[in-house]
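To keep things clear, I will list the structure first and then write my remarks on it.
Order as written gives the chain letters A, B, C and D; numbering starts at 1 within each chain.
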Amino acid sequence: MADIKKTVFSILEKDPKTSEFGWIAMIVNFSIVALVFSNIFAVIIQTEKSIATKYDTFFSLLETVSVVFFTIEYLLRVWISNLHKRFSHVVWGRFKYTLTPIAIVDLLAILPFYLNLLFPIDFRFITILRFFRLLRIFKLRRYSQALNTLWKVIVDKKEELVITFVTILGLLIVSASLMYYIERTSQPELFSSIPATMWWSVSTLTTVGYGDIVPITSFGKLLSACIAMLGIAMFALPAALLSSGFTEQIKKQRIKNTIHTCPHCQGKINGKDLFND
Amino acid sequence: MADIKKTVFSILEKDPKTSEFGWIAMIVNFSIVALVFSNIFAVIIQTEKSIATKYDTFFSLLETVSVVFFTIEYLLRVWISNLHKRFSHVVWGRFKYTLTPIAIVDLLAILPFYLNLLFPIDFRFITILRFFRLLRIFKLRRYSQALNTLWKVIVDKKEELVITFVTILGLLIVSASLMYYIERTSQPELFSSIPATMWWSVSTLTTVGYGDIVPITSFGKLLSACIAMLGIAMFALPAALLSSGFTEQIKKQRIKNTIHTCPHCQGKINGKDLFND
Amino acid sequence: MADIKKTVFSILEKDPKTSEFGWIAMIVNFSIVALVFSNIFAVIIQTEKSIATKYDTFFSLLETVSVVFFTIEYLLRVWISNLHKRFSHVVWGRFKYTLTPIAIVDLLAILPFYLNLLFPIDFRFITILRFFRLLRIFKLRRYSQALNTLWKVIVDKKEELVITFVTILGLLIVSASLMYYIERTSQPELFSSIPATMWWSVSTLTTVGYGDIVPITSFGKLLSACIAMLGIAMFALPAALLSSGFTEQIKKQRIKNTIHTCPHCQGKINGKDLFND
Amino acid sequence: MADIKKTVFSILEKDPKTSEFGWIAMIVNFSIVALVFSNIFAVIIQTEKSIATKYDTFFSLLETVSVVFFTIEYLLRVWISNLHKRFSHVVWGRFKYTLTPIAIVDLLAILPFYLNLLFPIDFRFITILRFFRLLRIFKLRRYSQALNTLWKVIVDKKEELVITFVTILGLLIVSASLMYYIERTSQPELFSSIPATMWWSVSTLTTVGYGDIVPITSFGKLLSACIAMLGIAMFALPAALLSSGFTEQIKKQRIKNTIHTCPHCQGKINGKDLFND
């Protein structure tokens, strides 16, 4: 039993690259990703009435197969969870595991089906949450490291990004207020209030430009031109901030991984020792 | 009295993180931010006629409460302002304080209300200036440092940004002139003059593309395509400029200011020695 | 014969800069590029019915000349291919050469014409594949090096780019699902299903904003504003990633490869020593 | 006479910062910039018929004043041009000066007026060329240095930018061809030929999205979504390229301006000596 448990553990929880049952792990991982995508696709396509009724049996089958597969997978993961050091206690460890974000996501992926059996309400929409099951992909070592870098850079530039965001918000409010006073006489239905004008502000500052609300007065067009120009800067700032963040992060990583010489004692210092403090 | 003054000073003017009345300071700061946002929201939403009449009493109450709060805050800040070294003189120091940008913004936030009492004209719109009171947030140390970095980078790249801006202006003028001569025969109402055609130029170069003014001749479309392409470059240049500016700035600042400890001799190593460039 | 073969080889396969028949090679290369562009232009312009019928003889002539030129070139290249070390065998080497991607592209460029002679079906569209013949330009040393750098950077940032792409996909799906439930009651024809709403998602997130599908409810507009804002971040992330990738790549390559001469001792200094990081 | 000549020279041709008649030079420079802007503004605004007729006398006056001013300036510049070492010969030097790009632009700025006097044709449009007179601003030292850096970076990344451009061109052609075959049956007037479809390609890839030509079939929308996504990458690539280019340029500049130690002889090497080779 303990042997089976360990085998299941190394298939489900270890990196396919290093695990001894790597190829089974690969197949399992691939099946999960494929099933998740099929399910998302099904939920999306089922909102198209004509298709939903035509392929109804197929979608029911896919749903049942997925839920069975995900339920087995979920139960197996709970069963083997106490092989993790963090969740080593037989009962409490497993309970603690079920409260981890990834386990909750796993549960949410199967729950709508069972709730649907008990109560005849349509929980199908919640199935879209299965998209988050794709977060599992990021557990693969290389991806989780890349995600980590992305996250570190964003946290590192938090303050600058907040300032950029507040500036954008301020620009939206000020430009909408100005435009409202400029355009309300010539287009009273479209620029009926500042909140209504905000729709124009967002559309212009983000350079989306749907074209459903456009100034027609000369001053309105001038203001619009200025805001669209500032929109360019609003693209440039976050790009520049994140860019320098990545460069910095890479430099830190490199310094961590190289050996330096102490200018005082000429001893060799591992870069890691300098950055752990 | 002097004790109360000092207490008020440390609550209103010091960094909540280091002040001994930190938690009161936090509450006060939070109240200011919350009130400012409520006021901005109120001014914006009041332009929606139906809501303005329905919740009239509520908006009046909010206005009165805000003004009372901001007036007390303003008077307190003026009172304690001579505890700052720069404004130490009892009368002139306080007068000089009232002329600082942030004190003027504070005054502008309450003035419309009192002017409204004296003269029955609608000054309510000026209340939108309360948005600038949010600048106070940036007085928090970490944010003000980030803002500083942003500012330094922009100043550092001033010349390049001016050249980019002049190039954009030139492109707008030249493309509008060309387009005017290309399209005026086929769409005389839309491309009626160069200033009218500028609206198309801006819309295309910033990639907003409202769609209310679009060339229909082949040459017009060709020119439009070229300008839209150049629009990509116009996004790339400021992003690239600011990006290298940040990288440079960070290099100058942060790294040089970190002191590491050698694990062998415990000697202090200047970050500069590690990043020597 | 061997001499002619070598001459042909040095004209067709060597870098015009170093080859002894450089100027002939330049003419040949230029002719290929010019012919390819003429052909692409012809295929594109021929879809315009009026022009196609008017200049029919001219297009036929261009087609025949191009095919004759490209056929001769292809045969010459196959003939001389065994002068490459990789394809040295008289028969098998040449056969292996015909299976290289660039040789297949060369074949595809002439095949439609001959197939058209045998079977009276219109293969003309395949001629658009001639565009890929332009890949030959990238064989020029400097361009192929630049392409190499571009490629290395993209491969280097593979994981981060995949994460960005998955995030974009997730945003598209989640925003489309939300928008579908918000707007379906007020605009049932446009927001008829999640797949139909995806069209709005893409249009907004990429800031294209055609304007053929736009939310009209307040919540819809709010969601649209948020997605458009996130669109800015979606532009910033890949730009920042690639930017830091290029900086890194350049650091690795160019600088380390430059050797400088000390003006005092004439000793060779590796660029690495100057840029030591 | 020689004294007056030298005074005029130091006013017109020297950097206002270092010239002894700096304040006159500043006034002259400012007048030129102001006049150029007034002229551009006049040419643009005159295309608006109603304004043109109303302020006709004013525009005539401005035109005459400008031309007189620019003519005097041009003649003075030609007169003093032989104080430059490059143009030292009394006759041929001055002739050579009139052939420099900036002198030609100066001439083009006044020529339309005199041609108009001789021949009663409207040369007024050429006056828009006065915009290029603003290039004079860039002669100011700091700006010319910044422009130089911009130029160097673009030249440095020439190959990569060409590849990006060719890729964009390829994407435009391939996507237009595909879209033409997808949409021509359902929207035969809009997607009438590949060149007509190119208008959609450009509009989508640059994320302009006018909305005058939009696919309506499912496959067309899917292709459109893919192209819009690739549009993001097309923004990211040049931004990233230029960004790394600037970083590199700054590094080179810094290395040039610092003193290095030769690893062989320990002699001090001026960075400049290393980069002059």
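Odds and ends about this structure:
Please note the rule applied: a contact is a pair of C-beta atoms (placed from the backbone, for glycine too) under 8 Å apart; a residue touches a chain by one contact, two chains touch by 3 or more.
Which chain is which protein? Per UniProt: A, B, C, D = Potassium channel protein.
For clarity, every value in this text was computed on a predicted model and none was experimentally measured.
More inter-chain C-beta contacts link the pair A-C than the other of B-C and A-C. In a homomeric contact, the two copies may use the same or different surfaces; for subunit B (Potassium channel protein) and subunit D (Potassium channel protein), under half of the interface residue numbers are shared, pointing to different surfaces.
When the contact pairs of A-B are matched by residue number across A-D, C-D or B-C, over half of them reappear in C-D.
Comparing the CA-atom centres of all chains against that of subunit D (Potassium channel protein), the greatest distance is found for A. With centres taken as mean Cα positions, subunit C (Potassium channel protein) sits 42 Å from subunit B (Potassium channel protein). With centres taken as mean Cα positions, subunit C (Potassium channel protein) sits 30 Å from subunit A (Potassium channel protein). Along subunit B (Potassium channel protein), residues 195, 198, 203, 207-211, 235, 239-241, 243, 247, 275, 277 each make contact with two or more other chains.
Interface residues of subunit B (Potassium channel protein), counted against subunit A (Potassium channel protein) in their complex, comprise 40, 43-45, 47-49, 125, 128, 131, 134, 137-138, 142-143, 145-147, 149-150, 153, 168, 195, 198-199, 202-203, 206-212, 234-235, 238-243, 245-247, 249-250, 260-265, 267, 269, 273-275. Residues of subunit A (Potassium channel protein) touching subunit B (Potassium channel protein) in their complex: 159-160, 162-163, 166, 170, 173-174, 176-177, 180-181, 192-196, 198, 203-204, 207-211, 214, 218, 221, 224-225, 228-229, 231-233, 235-237, 239-241, 243-244, 247-248, 251, 255, 260, 262-265, 267, 269, 273-274, 277.
Of all the residues in subunit A (Potassium channel protein), the ones that touch subunit D (Potassium channel protein) in their complex are 207-211, 239-240, 243, 247.
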